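The following pair of complexes shares a single chain, chain A, combined with chain B in the former and chain C in the latter.
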Partner chain A sequence: MAAELINPPPSVPPALALRMSQQAPRILQQSSGPSLPYPLSLLTASEAPETWIGYENLMLACLRTGDDRSARICLEKLTQRFGEDNERVMALRGMYHEAVAEDYKALESIFRGYEEVLKKDPTNMPIRKRRVALLKAMNRPIDATTALVGLLDASPTDAEAWAELADLYLTQNLYAQAIFSLEEVLLITPNAWNIHARMGEILYLSSLATNSNNDGNLMRGLCESMRRFCRSIELCDNYLRGYYGLKLVRPLAHFHSPQQPLSTNTSTNNPLKQTTKHLLSLLSKTSKPAPAAADPQFGDLAPPSLATIERLHELATAKLAEIVRRNAAGESGWDGYDQAEVIAAGELLGRDAQKIER
Partner chain B sequence: MILTGILRHYAMILLQSAPKKQTLPQVRQQRSLMRAINLRNNFNVISASSFQNRKAFMVQAFKDGAFLADPEARGKPRPNPMTDPAMMEGMMGMMKGNVAMMVPQTLIMGWINAFFSGFVIMKLPFPLTPQFKSMLQSGVGTRDLDVRWVSSLSWYFLTLFGLQPVYNFILGSNNAASQVTQQMAQMNQMPGMGPEQDPDKLFLSEAENLEVIEHYWILDGVEDRLLAKLT
Partner chain C sequence: MALLSKALNAIGLLLLAHAVYSAHEHSALHAAAPSASSQTPSAAALPLDITLETLASVLFVCAGLVLGSPALRPIQWSEWAGEVEQEEGRNRQGRGKVGMKEGEVVGNPFRVLEERPGFLDVRAKRKEFADWVREGGSG
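And now, the complex of A and B:
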């Protein structure tokens, strides 16, 4: 079985998913060859955990690419091996049924099935998570949030669930709650640079959306956002999202205009545009910023000096340009970036260049 | 002998009782405690105000026993472990393991004793000092016998201890065939078997740990660190 099936990247891009699912016929045929009768099969069967992880990932890829028949076969193999009552198999079966469900009614019956299972065994975490995902898919974010909060009350050390909760809150524009959830994720995985960067993004969004009339709060939010980006770069060199955010946080000269990108899709990093720029304009507006904004009672940090921000911005610009250039040239070691993110970074750089021309 | 080892391995697997499932409140209790420990270890990733909020919440909740699996049992002394059915089950599991280990051992030893004691089985092709006599000639009471002769009983012990790699090869590395590792495992288990700690006490001590933390923020001065590193 191919390496990408056994150990896939955390978020599988569509192209890779397609490639994985295209291997399905070959793998499934290979493994369903003639097998010896029971006592002898024990001797020949080489059973490794990787086999089953491979089947699981293959099934997920097949479901994504619409190859329901292969997914069914994978599911049957897993069921045969681990039994109907295995929690993980139950969740996978639920996922399969959700994928092949024709209409809203079918989804609702699956949902009732989940409720039944949970009534019998409330500790079945995979099924609880499926239930939340199903609620989200049925476009009931409020219910999904409630279910997820219930799950987290029982199991507050689940980083995945906290991150999901942060996303759910963000779709409902509840920034403070989203930030709280991300803080919980960070408490569990303190060195997750992507979460640090995500936190910076949400802090940026929230301070622009909620505090636009209060300079002190706005500045505090932007400062923390900038520092989050710094931390994410500190943890992971050449992290594109971190540099992107760092460049954005530098304040823009005209600071009141750019509110419109905030309403767009939150998963793209476009709205992150002008954080540092904002920060700069704010800092230059208040002549003596440091003592005013620092609140020793809460231990908030004083905003950084103008020179630091400028230098950070220069650094971010240079680094982004390097990443874009090297990625375009296809240099080895620089090709792991998400294409969309590189394009966005290039666009951000381009915008800056235009302004200088003017 | 190898066959006995393999048999024992499979008998152990058969006799193993699956770990008991925890109920939801127990899961909650355990993971809430974990959460507090996480907060204690990784407090520096969040801001001081967030940390204070969390600390205040957790300390209060722990003192009220909000996360306890059964709040009624709070403050009562622990029941005798012998009367606790869950405890008994654990003991039974251990007993089964022991029996599965003891029975074949006794049988083989009896068999070996009955048939092989008192005579030598092989002669080593190299000379040895007399100190090896007790190791190689147990069960043979002759003082003047050359050390190079190995009695059957000694040979049995030697192979018993030397078979571990063979079992590893046949059964995979985590097998239950060799009693040497078994005994080691039991030694390690013993302290864990002691009376389980009162969750309420754990929570209270964790609350104290949280109280004494002096907060610092990892984001403090991160921009300067970054600039120093990259330029």
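And now, the complex of A and C:
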């Protein structure tokens, strides 16, 4: 079985999913030869875990590309091997039915099926997760949140569920709750660099969305976001996402640093500058709190000094430029970046350069 | 490299077997003729060529094993993470490694936190794929 089936890359793009599902007939034919009676079949059957992971991923790829027949065969193979009552197989079967369901009514009957299963065995985690996913697919995010909170009450160390909860809150624009959920994820997996970066992104979004008229909060949120991006860079070398965030946060954190003099920036033609100008006017209206070593009320760290912010910004710019350059040159060890991300980084750098020219 | 390590291993094992056999024959010969060996104690000692053969064979096998071992992973977390990210990106673009050794763990262990296969929304994925096909299936 191909490597991509056993270990599919994150967020499989459609083209790769198509290629994976196109292998289905070959793989299924290969393995559907006449099987020997029980004791002999143990000798011939390949019992590597990779085989079954491969079937599972093949089934997901087939469901995605609409090859329901092959998905059905994969599901039957898994059922044959692990039995009807295996929790993971039950969840996969539920997923298959969800995928082929015609309308909302069919989905509702699947939902009732999940409820039945859970009434018999409330500890069936895969089915509980499917139930949340189904509620989300049925456009009932509030019910999904309630169900997920119930699941987390029962199993508070499930990082995957916490991450899903953060996403659910985010779709409902509940930033504070999303940040709390991500903090829980980080308590369980403190070295997850992608979650640190995600945290930075959400903090950035939330401070822009909710604190536009409270400078103290805005600054605190941006500084916190900056720290998260720094941590993600610390945990992962040449992490494009982290450097991008760091560079993105800077202009705002910069203008909200207490040491920043209010004399720069007079042009009005650039929309970005207009926002910063707007923020500047806000800043001059409100009285700034004196920078303390730690905020006594929240126990937060003091915002970093302007020099630190500037140096971080320089570092991010240099690193982004290096990534863009070496990726374009196709150097080995630098060619694994997502092209869209590299283009976005190049654009961010270009925007910055333009500003300096003016 | 794989061929070299295999050849070194084969030669080393062959030499080792030969050295062991020679040593055994040597001791058997002297045990059969105790009178000859008792006169000169140095004759009972192992000849130099057998000793050298043993040492050389062990060295060969060591070198073969070291050369044949898979590439080392960085022991610094950040370096390792950077490598993992690159590898995944290459896989996503469809130019990853073709062969996968058994038991080899590749990939970012934290990507499940963003993928969340347990909560996969199949219908949305199906729709996304259908849209992609409708748009001409590129990108």
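Rule of thumb we're sticking to: the second predicted complex is superposed on the first by the 310 of 358 C-alpha atoms of A that agree within 3 Å, B and C clash if a C-alpha of one lies under 4 Å from a C-alpha of the other, contacts with A are read in each partner's own complex, and residues count from 1 in each chain.
Methods note: a residue touches a chain if its C-beta (ideal position, glycine included) is under 8 Å from a C-beta of that chain, and two chains touch if they have at least 3 such contacts.
What you see is a predicted model; the values in this text were computed from it and never measured.
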Once the structures are superposed on A, label A:Cys236 by its partner contacts, choosing first (chain B), second (chain C), both or neither.
second
Between chain B and chain C, which makes contact with more of the residues in chain A?
C
Which partner does A:Leu306 reach: the first (chain B), the second (chain C), both, or neither?
neither
Please work out whether A:Leu60 is in contact with chain B alone, chain C alone, both, or neither, and reply first, second, both or neither.
second
Taking the superposition as given, does A:Leu315 touch the first partner, chain B, the second, chain C, both, or neither?
first
Which partner does A:Trp334 reach: the first (chain B), the second (chain C), both, or neither?
second
According to the stated criteria, A:Ala91 is in contact with first (chain B), second (chain C), both, or neither; which is it?
second
Classify the contacts of A:Pro156 with the two partner chains as first (chain B alone), second (chain C alone), both, or neither.
first
Please indicate which partner A:Lys136 is in contact with in the superposed arrangement: first for chain B, second for chain C, both, or neither.
second
Both chain B and chain C contact which residues of chain A?
234
Contact footprint of chain B on chain A as seen in their complex:
121-123, 153-157, 180, 183, 186-188, 190, 196, 224, 226-228, 230-231, 233-234, 298-301, 304, 308-309, 311-312, 315
Chain A contacts chain C in the complex at 2-4, 6-19, 48, 50, 60, 63-66, 91, 95, 98-99, 101, 125-126, 129-130, 132-133, 136-137, 159-161, 163-164, 167, 185, 189, 191-195, 198, 234-239, 333-339
In their complex, what parts of chain B are in touch with chain A?
21-24, 27-28, 31-32, 34-35, 38-39, 41-50, 52, 215, 217-220, 222-227, 229-231
Could you list, by residue number, the parts of chain C that touch chain A in their complex?
77-79, 81-83, 85-94, 96-100, 102, 106-108, 110-126, 128-130, 132-133, 137-139
